[in-house]
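Shared between the two complexes below is subunit A, which has subunit B as its partner in the first and subunit C in the second.
Moving on to the complex of A and B:
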């Protein structure tokens, strides 16, 4: 158990920069998730922490120990792979004991520690099996036991749940979270799945094009996204380009939204679909519009609305009995209500050029 | 099933039948001047095991096969590992480089070496030019040893490479993250997982060496004898079909038995 510090960490291959100037402080016992689309540099960052990729710049510190130049086998790191990477020629017991045997620990202690680790992941009784005789979920738990039994300073998880089916994934991730908290082990996980990230992390690090876009709790990132990329990656959003005036934010189509942004700034207005309310009757501060399409998604309705000025918004209504009775249909007249407190203006100066080219269609997944 | 008929026929007609005929010959009696006399005797086999000359030929062949095989595995393993882990761009190139020597027949290659390594060959001419005494390269066991290694090496490299390629690279990383150094990772993870390929490669090299003909004949010279050339000389020069056939069968049985034994021992040592 220890703290982890990344200090200006970078990696380039020739002219191609994969990771640029990543600095992070991870507290003892914290669960940090590196989140981003494929190719954002999250896996390279993880592999630099593990020691499999040599950093081109910066340092990695575990506790007070600078491990930047250390090979992986001297870093005391537990690593869990997406493919589990269990040794197929060794039993569950021998897989779990592998790290302990490298540490020249006595046979009696090896046995008791392996048994404890396997009990921790609820696999006691399967010690004599070979990996291929286990289900995917069981193999994943062996991989976790094998990484934990050596009492690593840091636990690294590389997309550990991606190979599990949806049901199992939810089960394993809550187990992982419980285990991590009860052991108090500093953990870094890499994933591209925002829901997975939000469900386990104390803090999230959103990466894009090798750079840290924002660090914070899930709620921080949702409520105060630093830029459009983060806003689109944590939750969904309607993004409207425009200018802030005295009266509010004026979209390119001409709708004025009463958000309290300083006048004169050019930017993008973020409206979360779940904050867009639909009404049959006009009320104070509502925008007239027409329903374009309705999709029912069991727990919610996804409704596309076109405002009078032409702005297109996605609304997400929870599938309450009230919403069922309302029975919105394409073509219906509607009045859109949005709490001004839920309108977030994103300045355009933060991201890269490529950030702005994405999500032009309003809603990002 | 009907598609299997042609292959089965070819095996029966061109492999099984000649072998059976040869087996029958090996029990015949050789009378000089009369070619071959129908009989049913074990005297050809007895002659092989009682005559120290022939027994020494078998011993030389076995030593050569074991030595060449060990050397091939040791030389090929690092190369196979490099190829297995090479980038998708450089890998096909590396594989082609390994295959290229196979385009040249053993006899042609050995003949080339005779030119290069002879007493008045390329190497010694160059040495003489530098004022160094000529060295004897040709017609030594060492020449045969290195000659057969170079013949077998591509097969061994390719066999090992295909197995190493199938090993998940993350396994080595998992091992290192658990505290195993590079060599320990190789010994505890890579080697056991490569064992099936290693056995296959070793068996291939062993069989190729046991039956090597052109290389020992051309590079070993008259003093150095291995089994396959002896079979040929006995039959072709001495016209002694019964004895030649029996040597051929001894060679075959010894090769089969040792191959099976090697399989068993390694399989037991490394399990599944």
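Moving on to the complex of A and C:
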């Protein structure tokens, strides 16, 4: 167990920069998730920590130990692969014992440690099986036991759940989280699945184009996204381009939203679909509009609304009995209520925005 | 009238319902029997094709074994009688034993050279992509494109030039034979290894490294055992290709320095008697034995 520090880590292949100046401090026992779309550099970062990719810049420190120049086999890092990478010619027992045998540990201790590791992932009794005789979920657990049994300083998980089916994925991830907390092992996981990331992580690191966009807890990233990319990646959002005035944020279409942003700044207003309320009667601070379409998604309704000025908003209503009775239909008149506290102004990274073209984009998933 | 529309259908009389039901049952039975008949015919045709294929493949082998026990000197059917005289006659033909020895030595050596070259090549190539891999594959497969007899004559000329330049004799020498055979076994070994390595997950090696294995230990403890069946299959193929080669060896052998197939060929130029069948039967036994023994260690059906 140890802390992990990435210090200005970077990787480029010729002119192509894959990872740029990533600096992170991971606390002892923390579960950190690197989150981002494919090609964002998250896997390369993980592989630099593991030692399979040589860093072009920066350092990797495990505790006080600088391992930047160390080969993978001297880093004492446990690694779980997306494909599990179990050795097909070895039994579950020998797969798990592989790392211990490399450490020249006595047979009696190997046996007891392997048994304990397999019990930890609830696979005791399957030690004599070969990997191909196991289900996907069981193989995954062998891979975890194999990585944990060497008592690594850091545990790295490379998209460990993406080969499992949906039901199993939810089971394994809560088990993973429980295991990680009970062992108190510093863990870095890579994933592109925001729900998966939020369900296990203490802190998330959102990466895009090789750069860290934001680091924080799931709630931090949701409530205070640093930019539009993070806002669109953690949860969903309506993005309205416009200018902040004295009275509030004026969208390109002309609707004025009462959010307390410093006047004069150009930016994007973020409205979460789940914070958009729909009412039959006009009330204080509501915007008149019309329902454009309604989709029922079992646990919620996805409703598209066009405001009087022309702004298009996506609303997500939980499918409560009340919402069922309300029975919104396309074409209905509606009044939209949005809590000013739920309005977040994002500064444009690009400086200026083309006010007319970007307004109609609506929700990005 | 729209009879198919369920909403416009009039209520049927009881008699019409019964007639309809009987008709439906009869149709169903007819369909079932004709379906079963088609299936049976298909199975029969399939079985006949398999049997015919097996016959074509096995008939020569069976014939040769049968012939080797004929008493008569001139091949004729039906045989005059059966005996072991041709197996006894082998004792008086030392060139076959010598040929067998040389063939075995050359085949083993060529196989080893092929594996030594193609194992590292295949390991690297399995991780390559695009043009580089294509070019390398084509270079290493090129001995297959040229007919072996052309390769043989080319090698003969090259070896002569080599001998003039260095005074080292390769034509008619075991070393030259081995070099030539390594050339033609190489593509086989590469193809088999590449096919086998295609299924090798590169993460296996990384998993071993992350668990503390040095690259050498990872290769010995993980990569080698995983590719072992493919390796055995490749070795077997190389051995058989080399052992049965005639065209290439033709140019590179010398009197008293002959491989078994060439010895057989030379014998056949003068005589056609069941002695040849006896030699072939022994050869079949050896190869079949090798296959059976190998199959005990690796399941050949999985890799070839």
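Definition applied: the second predicted complex is superposed on the first by the 354 of 365 C-alpha atoms of A that agree within 3 Å, B and C clash if a C-alpha of one lies under 4 Å from a C-alpha of the other, contacts with A are read in each partner's own complex, and residues count from 1 in each chain.
By definition in this document, a contact is a pair of C-beta atoms (placed from the backbone, for glycine too) under 8 Å apart; a residue touches a chain by one contact, two chains touch by 3 or more.
A quick note: this is a predicted structure, and the numbers were derived from the prediction, not measured.
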| item | value |
| --- | --- |
| Simultaneous placement of subunit C and subunit B on subunit A, clash or fit | clash |
| Which of subunit B and subunit C A:89 touches, first, second, both or neither | both |
| Subunit B versus subunit C as contact partner of A:81, first or second or both or neither | both |
| Touched partner set for A:103, first subunit B, second subunit C, both or neither | both |
| First (subunit B), second (subunit C), both or neither touched by A:279 | neither |
| First, second, both or neither for A:71, with subunit B first and subunit C second | both |
| Shared subunit A contacts, counted only where both subunit B and subunit C touch the same residue | 50-52, 71-79, 81, 83, 85-89, 98-99, 102-103, 146-147, 150 |
| Parts of subunit B lying in touch with subunit A, wherever the complex brings them together | 168, 170-171, 173-181, 184-185, 188-189, 192-193, 270-272 |
| Subunit C - residues contacting subunit A, complex | 201, 203-204, 206-214, 217, 221-222, 225-226, 228 |
| In the complex, subunit A residues that touch subunit B | 50-52, 71-79, 81, 83, 85-89, 98-99, 102-103, 130, 146-147, 150 |
| Parts of subunit A lying in touch with subunit C, wherever the complex brings them together | 50-52, 71-79, 81-83, 85-89, 98-99, 102-103, 146-147, 150 |
